[in-house]
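Here come two complexes built around chain A, the first alongside chain B, the second alongside chain C.
So, the complex of A and B:
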């Protein structure tokens, strides 16, 4: 049923329909409304789950690690400093192959302190062995959670659903909220494959000396690569069951005849689509390639979509300091040996710490990359602030 | 697409105003989007909230920079925040003030309207929260969102006495604006 509600509220309603058995989370802006809602649903008896209060995100992640190892469908949500505080446990969860779902309400990283949106938090833990998917709008944010539990439990890999903080979490817009029985039909009850149980002692993630450790990392790497098929399949199944496209590895918009392709992920894709329509009316053919799954990184799908495109610009809300665009690097390496030649792949960092990404600034970006390749630039910098510094 | 920017201070119900207005537009059968731009996350700090209303799904996520409509919940913000920035020359700005529009001496070609929303809020709701009165004035002047839908949105968000008081305040705002102007000059 189409409802008008806040993004956080849409996510908490849908997460509840996925019937997590254990939830543990520590409140942090802009994730707070999700965890408040879920706590309320549990306390009112409308969600049959254990909600475990903790003193930090490190403990929240540890609690759900244990819960998942014991065979429970487990869920947490965090952002920014909270996600970084979880980092050690995130690697353990992936290494132990626990199918946990985490919502990251993307927010900037300190210092300086900033509560607003960018994607530096999830991008920083991209190598932890989690599947990472990015939502364009609140409909997709809600839908991706239903898919995430299914993908996680089919692959024994944890899934991080990333949605832009404030821009999505605090936005009110219409979202089609499914009926609980529809979700039940799509997402069967969790049947754990390996349970830690005192009646049948076994250990998880204990110790691997140099004879074994490398193989565990290789196997995890291959599992992530192979999860591409599951992500695609679950997305297709979801579209059939719920009647709307959602999720998947990549999505495109007006790509076919485009002379220039913008590659991005997350909520800014909506703004980009409006710009593409405006440019089309002016006779300019620009297309969009939207990354749905950032890990695994669907390099073959990206290559297939972009192999005839000679002018590409990557727009992202995170930066590898001292290197440049993270998504841009990955896109550049998606082309096989020799295929980079003659191809322009520009890189723009935008929207850090909640800086508004305006249509005007995107238009300037398009105009610039139509004239010359841009190795790396930051969109919409205030030159007055940086002028006094010795750069 | 209709774009509205709401200016106020933390505690004046700016985000709630955006939420209610967009929800009402949704109830009127339109697509709507509302989102806040928080400042320092404390009572009294300047806050902005944005509303978009359209007949097709709304995709853009940028802040509203060229609004057709401005709702200003605290007239003294005009001296400290560039409230009028980007307002369309033929737009409308509604200010919470107990003076007539001319007295504000706003530097804009847009239409200016005033309503003593804080006084009305204190009288009917018992709290200096002007948001529903400002929404009432907006609906009354523009007719872009139906009062009936706003009433339903208010009752949904605030069940019981609080909702009824807010509905009464909304109706008072409508009556005042229908009489011609918010404040006799």
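So, the complex of A and C:
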């Protein structure tokens, strides 16, 4: 049923329909509206779950680690500093193959302190062994959660659903919220595989010496790679069941005849599409390749989609300081060695700490990369407030 | 001496914390872990923090635990146990004994926030701290449970602070059952584990576990050192039930702290050619304060 509601509430309503049994979270802007709503649903008896108010994100992640190891479907949500505080536990959850779902309401990282949106938080923990999917709008943010539990439980991998803080979490738009029985039909009850249970004593979290450790990391890496098929399948099943496309590895917009392709992920894809439509009217062919799954990184799907495209620009809301674009680097390496020659892959960092990305600023980016390759630039920098010596 | 198959089988069946782990000879923590597991029984989940116990009992593929064992990190065992308890509650499974356990570092230092959260939220979990008074797993560095005067690798001149008093901090969280114990009196230790598991809410059991390696004593002195820790008044054994100190183990004939200190390499620097320095007098004052406070 179409409902006009805030992005956070679209997510909380849908997460509740996924029937998590243990929810644990610590408040941090802009995640709070999701947990407040879930706490209300639990306290009103409309969601049969334990809601554990903890003293830190570190403990939130640890509580759901324990709950998942005991066989419960477990959920948490956080962002920014909270996600970084969880980092040690995130790696552990993946290493222990616990199918936990986490919503990251993407926000910038300190210092300086900044509560507004970029994607530095989740992209910083990209190597933790979690599947990471990025939502374009609130409909997709809601839909991805239903898919996330299914993907996690089929692969025994944790899934992080990333949605842009404020831009999505605090935006009101119409969202088609499914009926609970539709979600039940799509997402079967959790059947945990490896749990602590006195009826069948087993050990979880043993240490591995040099004879065994590398194999566990290899297996985890392979599991991530192989999860591409599950992500695709669950996305296709979702489209069939709910009648709208959502999720998947990549999505494209007006790509076929494009002379220039913008690669990006998250909510800025909407702005990019607006620009593409405007440029089309002016006779310019620009296309979009949107990354749905950042981990696993669908390099083959990207290569297939961009094989014939010689001018590509990667737009991202994070930066590997001292190196440059993270997504840009991943995209550049998606092309086999012989295929990189003559291909221009420009890199733009944009929207850090909530800096607005407008169609005008994107138009400037497009105009520049049509003239020359851009190794790396920050879009919309105000050089007037940067001292000469810092330039 | 060859042990018959029959005797080995009997030993094997008896202990839920199996023989063959990799602790040092005379390890107080290994002894305590076995006593705890056997007292708690098969219907128990052990959540263990990173540390000596975890390392010597859980190398893949040879864990020593015959009860479910769950380990993830150093500082989060209280939160992990909270999650296990929440899961059992919501899935309406159990009842089951959930025991979180860790050393003094993972309990009083890096895991302090986590244990405070578990106490304050009132989870149905028994927390057991195996206190060997320093970071033994990493090579005997000082923790906030290292006693006054003790030499560690990071307090080479002797520790200048007193032990953090976690039993009272636990009691002040409203934890209904708090107790201390030592490994020499295994009946008292196991009785406290069993008693704790009958009580609703969080419980805290603080067990003194000598570490021959870190304390610098022979492995066969573990039990004697525990007795001296009690007999000198340096480690009071008591219970705190609903905030009231009770069942203090009385010591009719007190021993001077020197007898305890002299057996251990970590206190050797406190004696110059056998003559105690003034630090020994200060440690005696700490013991006297304990004797008075607990009416030992």
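What we mean here is this: the second predicted complex is superposed on the first by the 386 of 391 C-alpha atoms of A that agree within 3 Å, B and C clash if a C-alpha of one lies under 4 Å from a C-alpha of the other, contacts with A are read in each partner's own complex, and residues count from 1 in each chain.
Assume contacts are C-beta pairs under 8 Å (C-beta built on N, C-alpha and C of every residue); 3 or more make two chains touch, one makes a residue touch a chain.
The shown structure was predicted, so the numbers you read here are calculated from the model rather than taken from an experiment.
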Chain B versus chain C as contact partner of A:301, first or second or both or neither
neither
Inquiry  = Contact-wise, after the overlay, does A:315 reach chain B, chain C, both or neither (first, second, both, neither)?
reply    = neither
For this session: Classify the contacts of A:115 with the two partner chains as first (chain B alone), second (chain C alone), both, or neither.
Result: first
Practice item. Please work out whether A:358 is in contact with chain B alone, chain C alone, both, or neither, and reply first, second, both or neither. Key: first
- [ ] Please indicate which partner A:170 is in contact with in the superposed arrangement: first for chain B, second for chain C, both, or neither.
- [x] first
Counting residues of chain A touched by each of chain B and chain C, the higher count belongs to C
As the complex stands, chain B meets chain A at residues 15, 18-19, 22-23, 26-27, 31-38, 41, 58-63, 65
Per the touch rule, the chain C residues reaching chain A in their complex are 42-45, 47, 54-55, 58-61, 63, 65-73, 75-76, 78-91, 93, 96, 113-114, 116-117, 120-121
The residues of chain A that touch chain C in their complex are 21-22, 24, 48-50, 52-56, 58-60, 62-72, 74, 88-89, 92, 96, 196-198, 200-209, 212
Residue set of chain A touching chain B in the complex reads 4, 6, 29, 115, 137, 164, 166-167, 170-174, 267-268, 270-271, 273-274, 356-359
